[in-house]
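For clarity, chains are labelled A, B, C and D in written order, and residue numbers in each chain start from 1.
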Amino acid sequence: MSLRIITTGGTIDKIYFDAKSNYEIGEPMVTSILEEGLATVPHVVQPILRKDSLELTDDDRQLIYDTVAAAPEQHIVITHGTDTMPVTAAKLKSIQGKTIVLTGAMAPARFRITDSIFNIGCAVAAAQALPAGVYITMNGRIFEAGKVRKNLELGRFEATE
Amino acid sequence: MSLRIITTGGTIDKIYFDAKSNYEIGEPMVTSILEEGLATVPHVVQPILRKDSLELTDDDRQLIYDTVAAAPEQHIVITHGTDTMPVTAAKLKSIQGKTIVLTGAMAPARFRITDSIFNIGCAVAAAQALPAGVYITMNGRIFEAGKVRKNLELGRFEATE
Amino acid sequence: MSLRIITTGGTIDKIYFDAKSNYEIGEPMVTSILEEGLATVPHVVQPILRKDSLELTDDDRQLIYDTVAAAPEQHIVITHGTDTMPVTAAKLKSIQGKTIVLTGAMAPARFRITDSIFNIGCAVAAAQALPAGVYITMNGRIFEAGKVRKNLELGRFEATE
Amino acid sequence: MSLRIITTGGTIDKIYFDAKSNYEIGEPMVTSILEEGLATVPHVVQPILRKDSLELTDDDRQLIYDTVAAAPEQHIVITHGTDTMPVTAAKLKSIQGKTIVLTGAMAPARFRITDSIFNIGCAVAAAQALPAGVYITMNGRIFEAGKVRKNLELGRFEATE
């Protein structure tokens, strides 16, 4: 069992540059989260994008799709901005024979208070435990692709119908 | 789907009392970890013991067994000291029809650097995703009860044979 | 001995709003920093502005001046954005009979890695220990108003002369 | 202006060893606290003891005395366990011509919630700002040696009239 962790940006990796007073996307934080979690599970981290998920284009989603499809591993975690995470998840549904889990964070991993570490834990376990398919792990829950949305007012993910 | 989270003590909940210069077991930290993780997964937290796992007696393990067996939920997470976590896991194997996941931490959840948040994330997802059985999630890996030990020198869990 | 702590905004208090993907100024963090520091020193916290210091107007600086001048306390700490902290410090120099210490942070207090707690500690002690005058405490150093600048390239404060 | 920071152990530097389930004294944390505080103030860190302050002997206190007396710097910070910090402070009072500030922490610097960063900030500024003498900075306050005690019930330092 080996995991491939593909990073695409999003709030989880946001960093603050003082001079500009705005966030930009930094180095993937999943690496330090796994270190702090004392993770010994075999894995590779593959950064492919550094974007807010509202700015992901069709080409970007195709790149994510192609990267997952070409991965030799069967177990895939994708870190992704939350706003369009359900869109990317739906796009990946046609990939067969892989367990693909998307996650991200509502508060940056560089914050003292953040959901990112818990979310990565959920995703790493879900990618190993679930049957082939595409899923989102947020809020300690496991959602199937195509049956999940982000509730913007509550800032939480929820199942549709 | 609802989770029952049973807490038994262990390093994850250790607290430091200045006057005595030693650790004792504090309030279960899983509650604040789930809050910070923005968890909306339905769950109850049930504290039953506050012990270092080296001090767990046969009676204590029977209490854990009985508590799990009596739980109305099918999905169970147990926080537990690491030293005898494999012993307790093995003891629970005869419980049928439940997915039971034990986890804990090498460094207390009250530490700035701790594996506890990541581990709880792994356990929460694994308890929802895995088929009935007894498991340990540590180091980002999922171990089956009876096939896992703690490597004391490395401070890591590993599969046996 | 009683301290008045006047907050004006700046990076130290910046907060991240997910929906908008940018920082804004939040509640003054000095209150929680003092709590975590177990501070028993008598003090009041008085928030008067919530601005990035690049956006402070002449009227804002006059408000800071008037607030300090009117304070019944002799010992004053001001939290302030770093970019124009030396400008405000120079403006306050004509206030007599008070020890006035400005500080702030290069990384928000809500970050896991931040200089804000250390800086507030320096300012609180300096405001009690120094003779009347206007000072900046940043980088563990004490600078006199009018003899300090922010080195933008290095992101550090340094003495002019 | 250059600071000498002498470390003697105490809660601030305590570390937890899982196998033994008790604290011992680790590497001085003042170094990482100064780094995180972006401190550019010239300083040297000199570790001389790693003891709980209840275990300090007369010989240990003589070592602290001799180290301070021999230091080429005029500005001295000493990190020290809290329980006998006032005893050591009183012992150092006969050293002339130096500003000596003792501090420590009620909660270890390795904890997520700790007063250690704030306390080090206070001590670093106080050692630069105060006239020659021996002081303790705890709880955001500055106490003179010989006029301070630790209130064990409250876990706070207070002046003796």
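By our rule, a residue touches a chain if its C-beta (ideal position, glycine included) is under 8 Å from a C-beta of that chain, and two chains touch if they have at least 3 such contacts.
Labels paired with UniProt names: A, B, C, D = L-asparaginase.
Here the structure is a predicted model, which means the values were calculated and not measured.
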{"item": "Geometric centre distance via CA averages, chain C (L-asparaginase)-chain A (L-asparaginase), whole Å", "value": "38"}
{"item": "Whole-Å gap separating chain C (L-asparaginase) and chain D (L-asparaginase), where each centre is the average of the chain's CA atoms", "value": "25"}
{"item": "Whole-Å separation of chain centres (CA-atom averages), chain A (L-asparaginase) against chain D (L-asparaginase)", "value": "44"}
{"item": "For chain C (L-asparaginase), residues contacting two or more additional chains", "value": "106, 112-114, 155"}
{"item": "Arrangement of touching chains [line / ring / star / complete / other]", "value": "ring"}
{"item": "Chain-chain contacts as defined at top", "value": "A-B, A-C, B-D, C-D"}
{"item": "Residue ranges of chain C (L-asparaginase) in contact with chain D (L-asparaginase) within the complex", "value": "33-34, 36-41, 43, 106, 113-115, 117-126, 128-130, 137-142, 155-158"}
{"item": "Residue ranges of chain B (L-asparaginase) in contact with chain D (L-asparaginase) within the complex", "value": "11, 14, 16, 18-19, 21-23, 52, 54, 82, 106-108, 110-114, 152, 155"}
